[in-house]
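This structure is in structure tokens; I'll ask about it shortly.
For clarity, chains are labelled A, B, C and D in written order, and residue numbers in each chain start from 1.
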Amino acid sequence: MRKKLYEAIFESNTRAGKLFDIFLLWIIIISVLIVFLESIPELSLYHKKLFYYAEWSVTILFTIEYLLRIYVAPKPWKYIKSFWGFIDFLSIAPTYIDLLFPGYHYLLVVRIFRLLRVFRVLKLVRYIKESEIHFAALKSSFHKISVFFIAVISIVITMGTIMYVVEGGENGFDSIPQSIYWAVVTVTTVGYGDIVPKTFAGKFIASLSMIIGYAIIAVPTGIFTVEISRAGSLLKKCDKCNSLIPSDSIFCNKCGSKV
Amino acid sequence: MRKKLYEAIFESNTRAGKLFDIFLLWIIIISVLIVFLESIPELSLYHKKLFYYAEWSVTILFTIEYLLRIYVAPKPWKYIKSFWGFIDFLSIAPTYIDLLFPGYHYLLVVRIFRLLRVFRVLKLVRYIKESEIHFAALKSSFHKISVFFIAVISIVITMGTIMYVVEGGENGFDSIPQSIYWAVVTVTTVGYGDIVPKTFAGKFIASLSMIIGYAIIAVPTGIFTVEISRAGSLLKKCDKCNSLIPSDSIFCNKCGSKV
Amino acid sequence: MRKKLYEAIFESNTRAGKLFDIFLLWIIIISVLIVFLESIPELSLYHKKLFYYAEWSVTILFTIEYLLRIYVAPKPWKYIKSFWGFIDFLSIAPTYIDLLFPGYHYLLVVRIFRLLRVFRVLKLVRYIKESEIHFAALKSSFHKISVFFIAVISIVITMGTIMYVVEGGENGFDSIPQSIYWAVVTVTTVGYGDIVPKTFAGKFIASLSMIIGYAIIAVPTGIFTVEISRAGSLLKKCDKCNSLIPSDSIFCNKCGSKV
Amino acid sequence: MRKKLYEAIFESNTRAGKLFDIFLLWIIIISVLIVFLESIPELSLYHKKLFYYAEWSVTILFTIEYLLRIYVAPKPWKYIKSFWGFIDFLSIAPTYIDLLFPGYHYLLVVRIFRLLRVFRVLKLVRYIKESEIHFAALKSSFHKISVFFIAVISIVITMGTIMYVVEGGENGFDSIPQSIYWAVVTVTTVGYGDIVPKTFAGKFIASLSMIIGYAIIAVPTGIFTVEISRAGSLLKKCDKCNSLIPSDSIFCNKCGSKV
């Protein structure tokens, strides 16, 4: 019995396991939708009861699932302390805590982490792992891209400080942190328009910042492209003629010798 | 007679076919312009009659064309059920439906699909098919880019939820969906400025989102560039074993035969 | 005398030619600054006379230069009808036309073309020609990028029309052209914020447009990168005749010698 | 004694040197935070005294450090005239100048250069030097990218001038410089929304500018990617010592063996 339950809950090869996964997926989606919709003031006001019952239904289902998982796991403590055990706990804890200590309504936002459980059900983690090459490229290029980030931060602090002096508080550049915020908004080409240069000198410096920000994006893109190209291209040398050949070759395409 | 009409309507090698195509192209452009201009309140109010007559002229011309196409097609039902047959029907149906059931004015927007007919006249579909390599690259990289989309969606949901807690309804972050909308606007560097962080903590988190969004664009660009480079670079088929090999090969690296 | 003048005006190898170039460069910069500054209402109001005299000084200098160029050119008519002859004429014509037919003040904007003359003085055209490889890449990829432009235009028309139906005139989406303008602003990630979705459905569709626009930039970047890489990488110099030939050549395709 | 102090201050191999570095790093961070926070009007008003004492504490510590550095340096004048000597002087000078000539409050912003000292403590300069390849690529591609900048500036001036004529002062396009500022904001896809086209023609031209700006980013990205790929691809492994060396080497630059 316990073994069958284990297969249904933790695995997905059996029919029961697949049904359990599909059922769970729907409950997770509904539970996240509840969190989303409950945050809309008009909805939460007029359908307070509906949300209350829906939330508790979902929480009780998740609680049963959590207890079942503990019950069927070969090493319950290992499961509880594992990453997914923690996420499962986080999915139900906020509702109970809200019952005991009401008033910390914002805490309920933690329930958004239920979304992470979709990753387990859909086996997305494995899927992500499969594209390891890209992560290797991302990792090795992030090391190099850090120079880019130092450059961006330096530009943003410099431009922000200059604009604080040039424009001043009366034009919205109240303080250096505020001006740096403006510089980030500008250099990344987001451009909200909540803070905007008013003086001629300010507009000129802002234009410079924009063109720098517009062109500098080439740097991480270039680094990452080259990195990913290198990671994926995987060339090796032929033992005989020393020419570079695709790493999956069985015969060298220059001299025809077996590799 | 019917064969000649078929050549004129469905083909474009003959003089008549070319004339028919040019005539049709102009009617399509005029018909789309009518849809565009009619949607402008000032114009549709003062030139109601003009639009009425223009629309019906175009519709009647398209109806004649549609009936002719059915008449000359070797297998009329095959044409009617084909993609282009459906588009042709969609070009005339809304006007007639509006005559029978007035009041659903927005339905008329469907007439915008007339634009698709330009693709047939200009043989753009064939043109697009010719750049198959890019579509293959797009397809194979979209599979990989999906990891990027999962990342963007995760970032957007996380940042949106955090900002909902940090900024709250009084600063425009009314609900989680609204905050996620803000996060999409920010991470994609669109930056409307309709919702904007007001608190210090909010501005700091927003700055982080911007820099992430600014840098993360390197990922799909890098993947697609490498993919397109690989797809286009230089593969040819081995005469013996039909496997794809680098185009500068002298020996096939799969079967070892001389190319 | 005339030959010396020709050398000074048309060439820049002699001392006189270099001095003439530097002098001309300054006059051009001043003349463009006049156009810029004159367009600022406060300045043009309070310094009307100053601008009047400055403009006429520059125009007279340019007129003298123009007449001298005609005088010293071996084939005056050829110069007058050449590209640079036309630009030189355009630099002085607006001021005289304004004298004869005042009231078309906006015509004076044509004087901005004086800026083009900087290209001649700085020999920028030759400089641009030197990076021929990039232009070849741009040209051959623009052909391919046209598919991308068709895609962008299709997305923009579709998204604009959908938003016109979903949001409607009361939210700023007055007409289809207006909505398409909004779609361009959004898909290109410019994001002015002058027209902004208000309804939930509108915000959802807008978010989709943003993510599409954010990701689709990878396409022209990828195509151009590969094109430029191919244009620059597959060439080498022939030992014999020094011409650029594909790097995998065994025989030079210019002089036929074995490489 | 002096030698020990030298080791502690200028080097970081000894225990004393490491402790000194960590201590200095904290003081620098605090001193920059003071500059940031002092610029916030509410804070500087209510905590005037706190900032006063904090600033002087930091300045005195930096002064002691500066004098010590002069004292222990083998060639004091060489240190004073060096880049870091100048930065160290710039870190303390503004506070003393403000004491002597109060009223030039904005001068205090110069203290932001203290941030540069973080680079020395963290040895970031060496770190940046290590990624020399990227800088070489950036340098050689900036030469090529300059054509791109000329293109952007030409587009921006042309589009700005056209919009000045089309939209005019009543729609916010007051002058040509103002319109060029709008064009920079638009072409770089920043899009503040402070100046926005109102007329139909203006919106059409703006849409064109956006699409150009959106697509043209492919140019520097492509050039830089190819450049960086070329800079990185010219490395090969030494047969003897396995270190990466330029691919055109005849002798390994690490172990000196012939390749």
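One rule holds for everything that comes next: a contact is a pair of C-beta atoms (placed from the backbone, for glycine too) under 8 Å apart; a residue touches a chain by one contact, two chains touch by 3 or more.
Per UniProt, the chains are A, B, C, D = Ion transport protein.
Note that this is a predicted model, so its numbers are computed, not measured.
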Subject >> Given chain A (Ion transport protein) and chain B (Ion transport protein), the chains that contact each of them >> reply: C, D
Original post:
Looking at chain A (Ion transport protein) with chain D (Ion transport protein), do both copies bring the same residues to the contact (over half shared) or different ones?
Top reply: different
Original post:
How far, in degrees, do you have to turn chain C (Ion transport protein) to put its CA atoms on top of chain D (Ion transport protein), rounded to the nearest 5?
Top reply: 90
**OP:** Quick one: report the Å distance separating chain B (Ion transport protein) from chain C (Ion transport protein), using the average Cα coordinate of each chain.
**Re:** 29
Subject >> Inter-chain centre distance, chain B (Ion transport protein) versus chain D (Ion transport protein) - centres from mean C-alpha coordinates, in Å >> reply: 41
Original post:
What are the residue numbers in chain D (Ion transport protein) that touch two or more other chains?
Top reply: 177-178, 189-193, 213, 217, 221, 223, 225, 229
**OP:** State the interface residues of chain B (Ion transport protein) toward chain D (Ion transport protein) in the complex, per the touch definition above.
**Re:** 189-193, 221, 225
Subject >> Touch list for chain B (Ion transport protein) against partner chain C (Ion transport protein), complex >> reply: 35-37, 39-41, 106, 109, 112, 115, 124, 127-128, 131, 134, 137-138, 145, 148-149, 152, 177-178, 180-181, 184-185, 187-194, 213, 217, 220-221, 223-225, 227-229, 232-233, 248
Original post:
Inside the complex, what are the residues of chain A (Ion transport protein) that reach chain D (Ion transport protein)?
Top reply: 144, 147, 150, 157-158, 161, 164-165, 169, 174-178, 186, 189-193, 196, 200, 203-204, 206-207, 210-211, 213-215, 217-219, 221-223, 225-226, 229-230
